[in-house]
Amino acid sequence: MVTKDQIVQWLQAFATLLEQNKDYLTELDSEIGDADHGINMDRGFKKVMSQLSSVADKDIGSILKTVSMTLISNVGGASGPLYGTLFLRAGTAVADKQELTDEDMAKLLQAGLDGVKERGKAQLGDKTMVDVLSPAVTNFHQALNEGKNAITALQQAVTAAEQGMKDTIPMLARKGRASYLGERSVGHQDPGATSSYLMLKSLLATLES
Amino acid sequence: MKKLINKPEDFVRESLVGMAVAHPDLIKVHFDPNFVYRSDAPMQGKVAIISGGGSGHEPMHTSFVGMGMLDAACPGEVFTSPTPDQMLEAAKTVDGGAGVLYIVKNYSGDVMNFEMATELARTVGIRVFNILIDDDVAVKDSLYTQGRRGVGTTVLAEKICGAAAERGYDLQQVMDLCRRVNLNGRSMGLALTSCTVPAKGTPTFTLGDNEMEMGIGIHGEPGRERMAQKSADEMTEMLALSIIEDSTYSRTVREWDEDGGEWVDVELIDQPFQRSDRVLAFVNSMGGTPISELYIVYRKLAEICQKQGIQIVRNLVGPYITSLEMQGCSITLLKLDDEMIRLWDAPVKTPSLRWGI
Amino acid sequence: MKKLINKPEDFVRESLVGMAVAHPDLIKVHFDPNFVYRSDAPMQGKVAIISGGGSGHEPMHTSFVGMGMLDAACPGEVFTSPTPDQMLEAAKTVDGGAGVLYIVKNYSGDVMNFEMATELARTVGIRVFNILIDDDVAVKDSLYTQGRRGVGTTVLAEKICGAAAERGYDLQQVMDLCRRVNLNGRSMGLALTSCTVPAKGTPTFTLGDNEMEMGIGIHGEPGRERMAQKSADEMTEMLALSIIEDSTYSRTVREWDEDGGEWVDVELIDQPFQRSDRVLAFVNSMGGTPISELYIVYRKLAEICQKQGIQIVRNLVGPYITSLEMQGCSITLLKLDDEMIRLWDAPVKTPSLRWGI
Amino acid sequence: MVTKDQIVQWLQAFATLLEQNKDYLTELDSEIGDADHGINMDRGFKKVMSQLSSVADKDIGSILKTVSMTLISNVGGASGPLYGTLFLRAGTAVADKQELTDEDMAKLLQAGLDGVKERGKAQLGDKTMVDVLSPAVTNFHQALNEGKNAITALQQAVTAAEQGMKDTIPMLARKGRASYLGERSVGHQDPGATSSYLMLKSLLATLES
């Protein structure tokens, strides 16, 4: 079971990781984008942190929806609507819950991924967040199907996410700003894929601790 | 960082405050969410035109708010699309009952945020549509990319549609006009230096003393190709010919279907320039290039157009859609018809574009 | 050299050609000697106003030619005063029989060349006077220097005197007005980067990443003091207070005595700003600083003026008197009276300043 | 006797020296001015060279006046009117002459100096051309008075000129653009003083050869 406190801790851990990786993410975005991804995500999650206490007594679904609204109205760019939609759908998938079963976790992740894909229209291989989220979700499902628990499943998901992140390096971008670079987008790791990996990594770390 | 700023995170806000105190006769500024709007808004019965995008492109869009152009502009963080709440509040503030057109530059962030705003505005009963500007011929195909970026044609579309709305065109007419302007405008730009995003504090890319980036956008992102810096005439020729010789371009865009109440895919095709076309030639500074150099470019552009049988009947030369302090320029050619010429010439009174009044 | 130019020696000429093809409705360009003049010149019975100076300060002066402002402008080489033959030919071309005022910035080169031109014009029977602009408070005394440099007030004087001439003021009235504008205007500027003179090809000076030059002129020359770069608010305060707290300044200038037919020394004294003065606040980019940063400066300037009891009733924000692509800004405050306000508001139609028409 | 040919050769030698020292003079002018003195002088004397053949059969006074007119309408800045006036007055002082006596040379130099002082209002010690021209002219007169010939007198004048040029280094500028720098003008050699030294040096070299 994942508790509400753990969800809150996860958000805090992700926020901390974003702060630590702000320059790194921005640096990645200057190679094939416009040098703001770390700044955007850090701004958004700083705002999330400032709102968190006011909703900490609500259910998990409401908390995630508040995260969504905060991101949507504070991040902007591509990552604002994408992460905003991810958390909105995730929240909707686990509406009203105070704690989450392994199945709930699977639904949450799947819904988040679906939201990103619907909003951004990116496919696997387009060099975006999807290249991290999609293999992660697939591996999570598979591990659960194989009878593993959520933590083990998440470990496998994060391993797949890290691989997915690295796999974006040789890819030619087909979505987002990097796609304008054509061939020149090859050889660089996608910033959004990297922040998505950090999101999953911080989730795992929270559940493990 | 060679900038006249205080804290980087206050850049956008403080700049807006400055605009508000400098131009109270023309505009007002709303904070949290941020948007600039006409001081006489809402104009009853007039279609309202709203644009927006990341900051750092000034004077676009905030300084184009005023009579004969935009009713409101939503500035995001530097090079970051604004958020749906800004766009929604702006729509609520300036809607005069005749509906609202969002003019949106084709970047994934802008498109997604404006689409969310459109959905939100529809739920509160405001008739909103959005039209995309995607005119950057440096982006070659639309199948394997986000599609062409919206660049210089945006400024021209805002002026022309603003004049149309001022003259009483209804929402459908303004939308059709905006689409027509977009399908007739093409642009391309180059950078001689990078710019520095204030929050990052260091240049987005570094160019050698004799290098340039060809085919850049307006967000300090690298272009299609890095190459040796050339003479002004050669650079102008590269931009101008890429624009003039660009062939038919087609793309699928999402537009709001009012009857169905949902997004539908629309295929749009623009046609190449032809001999004897009449055009507006727009030579734009990326911010750090002074106007003296723009005239050198304009001189060569006029020569090229003449050779190609293209007739420049209007022009705009100056820094209008910029990337902070980047050095470089862009060229936009917009094929004009009589109606567009009349609307271009119509009076405009904004902080940065003004004539006829 | 990060410039859109061809051969450095063609910079001025090609830029003028570009202006000529871009604005045939407003201006004409004469080559060898070079000057830009109103396309409807000479205006019979109207006092003609001519300015000029080195190139590299665009839009000043060439883009200020047109209805309600200059009748002609004489561009020199980059940062080099134009020559007397340019000024003489310009005077012959635009004199409409009511005489000519040369507005001259106080640099030894400009002063000497315009004085020679005045002498030459007088010999061919044109009634010419020249009035100096010397408003840069960074230059402390007039006894041990060339006197204060002419900077931002020049733009304002050209607009105000241009409007007066358009309204039918006679030569004596325009001269008196020009002197009054100069005595009521004060400026100061700073640089964050150097600029590069095309013919030289390398920056005139080099500044460290965190350095700035305080109290610069407009020719890429070093300023009064090099110091650590500060926040926009601190920089604005340094400029604004230097201007506002500047005390009485007196100097001796040479003016042409028509009766005696010779130059005479005239002593001029301007008075410090006072509480409740109404001013025009002009925040200017040195060329490479974008307008977004100027608004941050304007915001702080407005705050300071308010604290000092000085009332900003008009403003101008943008790149109007530049040093090529230099980053930095200058502030000018001009004390206004009712007449000056009316003339400032009067219609103007030039390539770079336009309103009311 | 200084012949007309020698005058023409002098102008050519000065033009050559200016071309060679264009960057040096401009560099000096970037320290305390606006980085154009070498460019200005080179532009002016290139134009003089292109006009010289058309007046080479005229008298010395006319040649010098042509130089003056060419400089006045092609140099601009401070140096245009100053050197323009120098050559105008010099030409007037030796009007109609086909060759120059030692006395004529003295008059020519004196008239040129007077012209510069009148046009620019600079005094000795103001850190300008005058700091080179003035001691040079004084020494030329003095040497002639001591019975020396023009070449010897000019040697002494050039020595004084060189000293005068170096003496501008510690000076605080009081005229021209450098005066705006106040104390910061100290420690730099004046560009105009340097070009004036080159002018005299090339005159000496021509007469000696």
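Going by the order they are written in, the chains are A, B, C and D; count residues from 1 in each one.
In this text, a contact is a pair of C-beta atoms (placed from the backbone, for glycine too) under 8 Å apart; a residue touches a chain by one contact, two chains touch by 3 or more.
Everything numeric in this text was worked out from a predicted model, so none of it was measured.
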Centroid from C-alpha atoms only, then distance chain A to chain C, rounded to Å. What do you get? 56
Provide the C-alpha centroid distance between chain C and chain D, rounded to the nearest whole angstrom. 31
Two-or-more-chain contact residues of chain C, please, as numbers and ranges. none
Quick one: which residues in chain A touch 2 or more of the other chains? none
Edges wherever two chains touch, nodes for the chains themselves; is that graph a line, a ring, a star, complete, or other here? line
Run through the chains and report each pair that touches. A-B, B-C, C-D
Touching chain B in the complex, chain A uses residues 26, 30-36, 39-40, 43, 72-82, 119-120, 172-177, 179-182, 184
Contact footprint of chain C on chain B as seen in their complex: 1-6, 11, 14-19, 21-22, 55-56, 58-59, 63, 192-193, 209, 229, 231-233, 235-236, 287-299, 302, 315, 317-319, 322, 324-325, 327-329, 351-352, 354-357
Chain A partner, complex, touching residues on chain B are 33, 54, 76-86, 107-109, 112-113, 116, 138-140, 144-146, 149, 197, 199-200, 204-205, 217, 219-222, 224-225
